[in-house]
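First, the structure itself, so that you have it in front of you.
Chain nomenclature is as follows: A, B, C and D, assigned in order of appearance, with residue numbering initiated at 1 for each chain independently.
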């Protein structure tokens, strides 16, 4: 059954025929080209230091095929970028789900993070010159980019803590500080960093202290110290860099949008990105469920004389995965509709719901798929362990679950408490009034006995 | 914010303006009339044996108001009953959510189980005479009804185990056996039972052995032994009866649809009913969240010098409740759309998902609302404990969660395994082919060392 | 296998031969006398208002038997009461586990709350006159007692919030205020209340503001308004009372220990009581597991052609219950040993662990036993639903789980943070020293590449 | 506070003064020597292929120190090996907990798996010649060993599925087949494999078909193909090997104990090993909790203006970790006592409880410690991610959780069902008898009304 026929009924009104066709094309490309290429890609990265030199040639093959199929740069959102493919967030969300099933697919279609968010930032907020110089080669898939936000030694869930110093000195800015978890920084093709820094530390509005700049990755003074691992995975060739800025000079036109507007850009960047991440995670969970079912029906695995698919506990896992994947997909698509209606800010609550729910769901499904595979599940012989490690970071990236839950809870409490308290008080008063008007007493347990005694 | 503005964006295309208006009317009626009446209703039931005689007069007041407002019999589904209010399952689902916030609202609007399912059965499958005699007063809210399916001493999750014997004897049927959990059987107004029995125990097709009959509750030979409690609640005046049939005679025209067609009627009856139950449970969870927030902001409750709404753990509960209630609502509405597209059988998977997910979610939200209220939460001073006990039965009624999970898992495994196994095998073959065509070896950890040694 | 042979090996050194013999005697009494009497007891309570008059005669029969067997007042702790049976908390804990399997057993052996805690209070802190008047008939099982601590409208998890006013007026104290959840207050035999009140509201030490008094339940001005339900159960004939004190006068010698020492008495009272509650909960969980296994092997319950005991999910529940019951028992016994070594204060951490863990565990086991029974599980036909409702209150009584978790976490953090931070810092410094002394560099991912480039 | 003062009170009677002294010595060694060496060890392994050549020199330093301190080969159990240090399983369990806090400690003390289990096997079942040749250098820490049990392509949770063929051919055995997850096989120092194979495939007793042999790792025909990763960790220099046996010849005296006795040896080997694994996991969880607390009090991490230790949710995590670590330790020690009383077979249930409970608990604690560290938690900058990955394999190794739960549940059901069913039936009969003897009727809800009507 093609993906377009598996769209949840509730989402169907939001998906155009054009998007359905492309969705099926992407599904087929992922299924037939990307997933088979994933293992080759991993092998081509090589061993030891070689992993950080060059990149697997099969990626270039895939990119050519994707461009030829017209499944390229699909992420550019309808309501923000008129030159793009004009898909809504719902439509691209469904496409992203398919991309999430392969480690090569997103990049092959030029839809990989952090490039997608970076391209959006330049497209929405960049000057014509910035677009010419950086957006063009990014859209062409010729270069890649990094997004340098997170810093060591601070509580990164609160963006106002950013410390990397951006100082205006005559005709240039001077950058000093350090960044880590700069994903993509290990890649030879990564030519440009979008850097978030603190330009106005004394501004009383702590959300106006930050600025964002476009900094070429080969600017003198930038030092990539080392790469960070994710549960043992180095994620070469992109990697996650730990970087120092030591008196890094960039011209004034490196600034995006304006001084003090870093936080504003940030907010716009995160919303749709979270939808992409979440839908890729839904795709990963679907893939894990497929591997789980594949294993259940492996005729060589007959512990205690019964095929795995006859073990009730494991069928339970299939059912629970089915329920929670389907629920999660609806939650993300509902958030996507709301972004499409207006913007990410309007969908704050719905995005937060997706941000928290989906990775936890996907991790549980993948963990069970691993468990069903036994030792095979934790090693390189299935895509599961790597998927798990990657998904685990989604509970931390762009703010840990706990920060989002706290904000979501606080917001729900704050916006609703007055109305709720008034309503319940009003209802209780009405109840009393009915009792009075009817001349009734409340019937209470034991009241008869104790009243009699009094 | 009226309920019509709170409809999930994803569901909006499925809700007519007419339904939105009625939804808001129902919300207002529940909020302003029913919830304040709930406590009065409970008090009017009385104590001891009085609980089983008559019914609270306030219910009659509410019914009059509901009829006057035109919010009556709203459950009759668009695609099955042309004389009804013509709402889709999505639309009525949203209405049912509001009804789920009050113990009196469903009956007040003549939308209470088991009458709703019973009316549907008679409307769809009943003869003109059956409709005249039973459907008419039911639709008018003049009588109530019971649905007698569950039996003691058998595994009721498997309908084919039904034992109550239905034998044709000339011009009548003879019924012998016992039923329990016959909800509504305690009520003086309950005049008619729909009884599922075994009419053809030797039929090789075990789903053709059952027949359904309309049996007046005062037929000689019917004995209501006792009422069953749900936790400590007796749910008077309706109650849950334990009933024996001892040579009960009914005329041949008591049969619905035809001999051996009981199971077929049953299947049609359960689908939409599960949507109603699930959406009422969503409403109950919303109400519990409201009570939770109400309590968090109670100025009299300041343990350890901090108001409850400042305790991080409790805000977390609010957020998690928000996420899971919203996810559950989408799951139910998605199932409702699918029923609306065709019928309940077509939506088997989606209904099962809702059936399992929603009550578990609601129980957790209610349990946390109870916990936040401390001792007050378990007693009669909030609606929470009773709501919890009622919701707990939904994990059992119409088949326990485990039976549904097992069927859902088994079905997913069965329908998808061949395609999945073929696909993964095909992908792996393609991978090998790429390796061969590129003349590459897989890079494996340690391979360099051990190959060198060999 | 008798209970004495089921004592966890780890606990065996702490159990005397004398205690083992008594344990087996109690087990046999509970098994053969109390559990069969439970249903009779419930029936004898009657219906409606009759439930609050008198008490089931079978209780008196059981008491006679228990006294004759010498299994009476076993709770009096070795290290606090020299005239008692001299059991340690470990020993009595094991006995309490057996008592927890029956609703009649604790009272039958005169080991029921709140009498046990009340007797301990009078035994430890009471004057000779107070002992003569109240302790004697309590030890003889002739009267019963209440413990009036919890109040409506305050956050009861924080004892310093108590509001019931105790004022010294010449030769008497005057009491004004209200109490609820006064368990036992419905019982005709309940003759004495231990009342916690605020005698010195301006004392700067907020734990010296409270006093405890012995107040006869028939003192003028005391009004029992109504009884509170627990998930629909009224727990007659004892019940949970809502009581008002309106200018209640008691003589000065009603005071226990001294003014301002209420909190001190309270602390001593709660420790061992929590062990008793926890071990009874372990017994309840064991009983639920027995009912679960009983049901799994019911030959009449064969859903989908397979006996319940062949369903893998259900065997999983048996196993998980086994693990968690056994773990919980060890946690409680470990706390009991620590109390026996010194006192409850010394075992604060261990008691808190038991207080939080055990009820949650027991509720999960019981909930699963209910689920396996289907609809039968929620009604009066098994002991499960009532056990669940009772156990649910343990997550609230004597402070909700959240308060205990918060204190436990805060305490662990506070007492250990300095040592932990110093240790980890020291270890990291040592690591650096080794690197230096060996002349080594850290190997970091990607470092070779980026160093080469710099 | 030294470890000897932190022994759970319940376990104290089982720990000798001599063991307490050694425990404190080990704790100090782990704290001051091993943990600081862990990072150095990881660095010394190097990058790329170098990881599989040689081993970190710091390990040799640690080994020298451990021998000098007399904390060497502590694992040899009291009841099985008279020349060892004569510790009970309880005592060594407490020591293993300390070893579990460092990646170098177990090997440094010559207490690392799989050598420990292998040495036990040779000590208990080996011939004098086998002991001389292999046990001696193993006890001296001069060589290391592998245990080759698990095979690809079969359900390894059921040992009877083993396929590696062992055929007797005159004066030698011929081995053909493959093994994987042969831990330690990557290490240059690994000289001897204990190999489980199928020697008698037609034996009607499927637990007599297996034999165990001592096979030098350099025997011709043995090929280590590749190393398997655990999540992204290769665990060099030991590694987890995938190995083929192609007509591997070993002399007849390579056989351990006797033909067909492989399964018997296996059972003896697993019991105490599971205790070791479980107690190391408890140590790992304690270490994770320390890192969690360390992070909570990091003054640089102040998200949203509040130090992490003030966030209620995180204090909750500390408390829950405290409870579950302490419960788990008691479960393991209780199993250890039972092994000490007799043997592993006698403690089957208790060992299974520890086997399932402890890794799940430790994974949850570590996962939360990771979450509190944010991105830092998943990378190489804390020991947490690697600990998690390692612990995750414990839910699979020696049989997946589900197999153990199934067996535990099945066993509990089987051994107890008859007694339980008889007991409950007897209690119910007694209840009926009491009703009869008292001339009472059961009071049932609603009975009064319906009886009146009948």
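Going forward, contacts are C-beta pairs under 8 Å (C-beta built on N, C-alpha and C of every residue); 3 or more make two chains touch, one makes a residue touch a chain.
Chain by chain, the UniProt names read as follows: A, B, C, D = Acyl-CoA dehydrogenase.
Remember, it's a predicted structure, so these values are computed and weren't measured experimentally.
Which chain has its C-alpha centre farthest away from the C-alpha centre of chain D (Acyl-CoA dehydrogenase)?
Centroid comparison gives B as the farthest chain from chain D (Acyl-CoA dehydrogenase).
Can you give the rotation angle that fits chain A (Acyl-CoA dehydrogenase) onto its twin chain B (Acyl-CoA dehydrogenase) by Cα atoms, in degrees and rounded to the nearest 5?
180
Counting shared numbers against all numbers at the contact of chain C (Acyl-CoA dehydrogenase) and chain D (Acyl-CoA dehydrogenase), is it over half, same, or under half, different?
same
If you average the CA atoms of chain B (Acyl-CoA dehydrogenase) and of chain C (Acyl-CoA dehydrogenase), how far apart do the two points sit, in angstrom?
Averaging C-alpha atoms per chain gives centres 36 Å apart.
In angstrom, rounded to a whole number, how far apart do the mean CA points of chain B (Acyl-CoA dehydrogenase) and chain D (Acyl-CoA dehydrogenase) lie?
Distance between chain centres: 46 Å.
What are the residue numbers in chain A (Acyl-CoA dehydrogenase) that touch two or more other chains?
Touching at least two other chains: 47, 49, 228-229, 234, 311-314, 316, 380, 402, 405-406, 444-445, 448.
Contact residues on chain C (Acyl-CoA dehydrogenase) for chain B (Acyl-CoA dehydrogenase) in the complex?
47-50, 150, 152-158, 161, 180-181, 228-234, 240, 300-304, 308, 311, 313-314, 370-371, 374-381, 385-386, 388-389, 392-393, 395-397, 400-403, 405-406
Which part of chain B (Acyl-CoA dehydrogenase) faces chain A (Acyl-CoA dehydrogenase) closely enough to touch in the complex?
So the residues of chain B (Acyl-CoA dehydrogenase) in touch with chain A (Acyl-CoA dehydrogenase) come to 8-11, 13-14, 31-32, 35-40, 42-47, 58, 290-291, 293-294, 296-297, 309, 312, 314-320, 322-323, 326-328, 330-331, 333-334, 337-338, 341, 349-350, 352-353, 356-357, 380, 402, 404-406, 408-410, 412-413, 416-417, 420-421, 423-424, 427-428, 430-431, 433-435, 438, 440-445, 448.
Within their complex, state which residues of chain C (Acyl-CoA dehydrogenase) touch chain A (Acyl-CoA dehydrogenase).
Touch list, chain C (Acyl-CoA dehydrogenase) to chain A (Acyl-CoA dehydrogenase): 49, 52-53, 186, 223-229, 234, 236, 239, 241, 311-314, 316, 444-450, 454.
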